[in-house]
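In the two complexes below, subunit A is the common chain; its partner is subunit B in one and subunit C in the other.
So, the complex of A and B:
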């Protein structure tokens, strides 16, 4: 049902502008630069031409379209809305000045909803940065391209109540090439809500993980129903904000004072298989782990490193309950130790973490990963690809890729360092290997894969 | 609903409560057939913290003491008095219900006493819950070791799971319940017994 929104055959820009600093220009520019291949109909009473697109003077002149983006201020948006609704399947009114400003704005909002309902058009927003769909090149977001980056196509669908936080998150992950299948900012959520979109992306072949930034649910029970269905097939990660707000409704009761609505949300997530993130980094990190990695239900982790300290800190993070994830370091099988000691790296420490020291080469990694893959005492492998030592090369990415795809065991990669390491992180990302630029982030990604296995166990049971 | 009504109501769902009677006059105490020691409690919907205001007398071991307790409580509050057998157990837990704006009815479980007061060591699930949800609730609690035989404490986990499932059912059947506090619930070797219960119903006319 949202196909016409995600991959529209035609887009109208109502309020198209000749002024490059105006959103009415930026949206057209986005469509041009992101390779949108459908029909584009800019509308502005002045007419003329913008970026090579013919500008229509009146909405009446354009044929029916899949998507209309209204880049006018609130008052004008309301004024043209009837004409737009008559022509459009989906409408994105970008402007603020609606329900978020008070009762008068709320009235405007109700008015556009009423008009849309009458014409059978669906509304995203208002008060939204809109949508960004890398695959179809639809992009309604206003950001300065010289200072930020839009991510490419990927497997993660991102539904967010905050447009700005969503864009910032994508910008920061675009740095190492993380892609998204879709980005949708709900804005004031007058019509289209997170539940419908969650269901849609649950069935969307391009999406492997759905992530949400939510401040308040439209309908919590409905969310749980849909999330329970979807999370059997696809992982869902939610960053739920407003953790500290207290719902003091039943304050005369102990139970009311003990649980704000956040504690209830936490329980609800557990019941419907939703994985919870606490900031924007976790949100996307977990999504990447779940999109690329294999869930594992055991708790024994083998760690491979060429830097001893990295192994020690990792061990703490893996085993600790308080500042860690409460998994276990695997007790390696004697045969594994023998192979590593005798056949692969005689200089290495063959306990877990396997510390191959700075003398390690790409091929040493290959041998160790093979041995760990065969070890019956190991449920998952965390391997550090540290490119700062002389015998390690870019070929290590190929070797890890081989074991990630061919091996039975889930692999998570840690890569610590500056530009070159970041470049390699992008390389892992490109090949669909979950890789992280810090110890803590790598270990938490492992835990999420472990959690996912248990969620599946509970949901399918 | 006063405490006695709330407990009788829960008892109709097979939830364990102490044996007890409501006494309105001193004379009725002669017919009281409870095993000592017993406890006397003021029976009132208005008084929320009974023991803070002297509305609870514990460890009554004879008819004579029972009469004194009645006179004391009845004289002070002019209400009936609930007499119950005292239950000794291993550890106290708290079970509650709230109606959340977003998710609707939710069930809470936690360890009693300082664990809830200071550490807020409680967990919630949205009602209705399944058996595995009830089990997961016990697992959620940071102090769960206490329920696993810590320092010789012996309780029956299944009785907790059973109580949580029953409360979920109570609320499912009675959606006009907007709040519930079972505090404390005492866990014995084999059972979970509700020692105090408050149930708040939606006022008719509200929605």
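So, the complex of A and C:
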């Protein structure tokens, strides 16, 4: 149903501009540089040519399109809206100055909705940064390209009520090569809302996890109904902002949200299998764990490290209920200990955490991961790939990849360091292995895989 | 007292090697490349020259030195120890194979301590990566330089029981330009311990904050006594690992630590003004806040953002007691609101968070920060420097720097994004402004500045 929005065969840009600082230029530039391959119809009464695209003087001149992006101010948007709606399956009016500004703006908003309904066009927004779909090259967002990054294609669909928070978040994760299947900013949400989109991405083959930033649900009950359905086959992570009284007030000023009690939301999320994130980092960290990792229902974690202190802090985070995730450190099988001690790394500490010390080699990791994979007392493995010691090479990524894909046990990777470690983080990402740049983030990702198994157990029973 | 260790006028490397993969080579290489300017005396029976340094065949040939680094295996270390002790104020035996391996190793350890005591030499280690002092260029740590970074000079002294955790942590923060005044790995801690070092760095003019990674205190009461004294003038952050039963067991296998109850430790830390970190990221994040930021005793925070959603999530984190830091969002003075609305940014939301939207310019930030600085209802400011929007430039760093230094209110900066934002994070760091790459980390840093004010209030009363 949203295929024409996600992969439009033709796009009109209403309010196309020659001025590089205008959104009417940026959208065209985005289409050109992000590899959009469909038809492009810039519309501007002045005509001419922009970025090699022929500019149409009047929307009447262009054929029907899948998607129209209106880059005009609010009043002009309303003025052209009927003509645009006649030609378009989807319309994205970018401008603010609608419902978020008060009753007058609200009226403008009602007007465009009425027009759209009449013509059977669907509206994303208004007051939105719009959408970014890496694989189709549609990108309506205005951010300065020299100072930010757009992510590549991936398995995470991102539905957000805050455009800026969404773009910033994608920017920060793009550095490690994290990709997205779609990014949609709901804006004032006069028409298309999170519920329809959640259902759509629930069935979308390109999407393995749906994440949402929401300040208020359009229809909470409906969301829960759909979420319960979708989360049987696909994990959902929600960052519900405005969870405190004061945060709720800030949200109401931001998107007009009226949130309910946070305890109620929490209970509802649990019931319908939604995993909760509390900030922009958790939102994407959890999505990556769920997109790449295997859920596990046991709670016994084996930790592999070459740095003893990292093993100790990890153990604390795994076991602690207060500052930690309340899982358990596995008691390794005697046979596992024997193998590690006698066949693999005689100098290692074979208790869990398995500490191979700075003498560890790639092959030592291989042997230890094999032994842990065979250990009936181990439900999941957290392995630290620390590239600072001399006997470790980039081959460690291949070894972990092998056990991630071939092994029975879920694996989460931690890596701590600067540029080189970040590059390796990108390498893990590329191969679909959940990897994290800090102890706490790695442990929390593990916990989410455990939660996911329990959600599935509950929903499927 | 530790001056000859931190800034030695002469260094002997016992076991100097031509083999680039040996620590006996790496230490010399480190001295050469980190700009050590004192005398260097490599010692190896083969003689010759390494990296341009003349190699002495026998330790008897060299004059007395401030520091000797022994890069030989345990048994050889013991064999040469008497000769080394005769010549040295400080000795760092790098090798493992001492007390951490069992009773026999313990005996070797006792032997070197006895020798050192007899000659009045002090020992760091054994079983240690040693020390790294950026400003004197002494660096005994073996990590692969192509895959890691050593930080530059800075204001944080880092005392750690785990060498690897320490090096990894410094590596990851070096990426943002975070510097350290000293790094000392206690290793098996036969002689020099955290208490003496804490006292020393408490008086060290180069150090503004002391951070410790500790699995077990050598003498907890003594630590608390010194910490209470030092923390009156200098903040102390401790990562006490092994805080859970299982973590304690892991610690005992790692460094032979025998930890006590975590609740007792927590109470003791509070009493003596120690700020607690739970992982490697908090440890350095908190240190940076405390090194650069102003403590504040009120609890009313103003938040400035150009991204509405970021303001909402921040509000939740500031106000929440469960997932948050339990501070308050300031109720802005009416005059502040008037100034912001009428004189600075008419399009901004003047409630707190102050949301200037993507239209914000550098000057808008300037005006808003000025107004908030003058607001009697505001105790601290969290400002998001988001460089993705078109009207923001690098000048924003100058503006925030001005208010950070000139203004009365403490400022913490948040910035979210990829390479460019990371570069700006480095720029803030360079100017001594506490800046963080995520919402949660920025809010937690603020909280630590608040805690610090209360610690000072309690200790000084």
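Operating definition for what follows: the second predicted complex is superposed on the first by the 446 of 461 C-alpha atoms of A that agree within 3 Å, B and C clash if a C-alpha of one lies under 4 Å from a C-alpha of the other, contacts with A are read in each partner's own complex, and residues count from 1 in each chain.
Everything below uses one rule, namely that a contact is a pair of C-beta atoms (placed from the backbone, for glycine too) under 8 Å apart; a residue touches a chain by one contact, two chains touch by 3 or more.
Worth saying up front: this structure is predicted, and the values here are computed from it rather than measured.
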Exercise for review: Please work out whether A:387 is in contact with subunit B alone, subunit C alone, both, or neither, and reply first, second, both or neither.
Suggested key: second
Practice item. Using the touch definition from the top, say if A:24 reaches subunit B (first), subunit C (second), both or neither. Key: neither
Review point. Which partner does A:137 contact after superposing on A: first (subunit B), second (subunit C), both, neither?
Key: neither
Check your understanding: Looking at the overlay, what does A:169 touch: subunit B (first), subunit C (second), both, or neither?
Key -> second
Check your understanding: What's your read, subunit B or subunit C touching more residues of subunit A?
Key -> C
Exercise for review: Return first, second, both or neither, reflecting whether A:268 touches subunit B, subunit C, both chains, or no partner chain.
Suggested key: first
Review point. So, does A:177 touch the first partner subunit B, the second partner subunit C, both, or neither?
Key: neither
Check your understanding: Does the superposition put A:419 against subunit B (first), subunit C (second), both, or neither?
Key -> second
Exercise for review: Using the superposition on chain A described above, determine whether A:187 touches subunit B (first), subunit C (second), both, or neither.
Suggested key: neither
Point to revise | Where subunit A meets both subunit C and subunit B, residue numbers | key: 247, 249-250, 253-255
Study note, to complete from the structure: In the complex, the residues of subunit B that touch subunit A are 48, 94, 96-104, 106, 108, 110, 116, 120, 122-126, 129, 132-133, 136-137, 140, 178-181, 183, 198, 200
Review point. Okay, in this complex, where on subunit A does subunit B touch?
Key: 216-217, 220-221, 224, 247, 249-250, 252-256, 258-259, 261, 263-268, 270-271, 458, 461
Practice item. Enumerate the contact residues on subunit C facing subunit A in the complex. Key: 21, 96, 142-144, 146-149, 160-162, 164-169, 171-172, 174-175, 213, 215, 239, 241-247, 249-251, 253-255, 278-281, 306-313, 315-320, 323-324, 328-329, 349, 351-353, 355, 357-358, 386-390, 416-422, 437-440
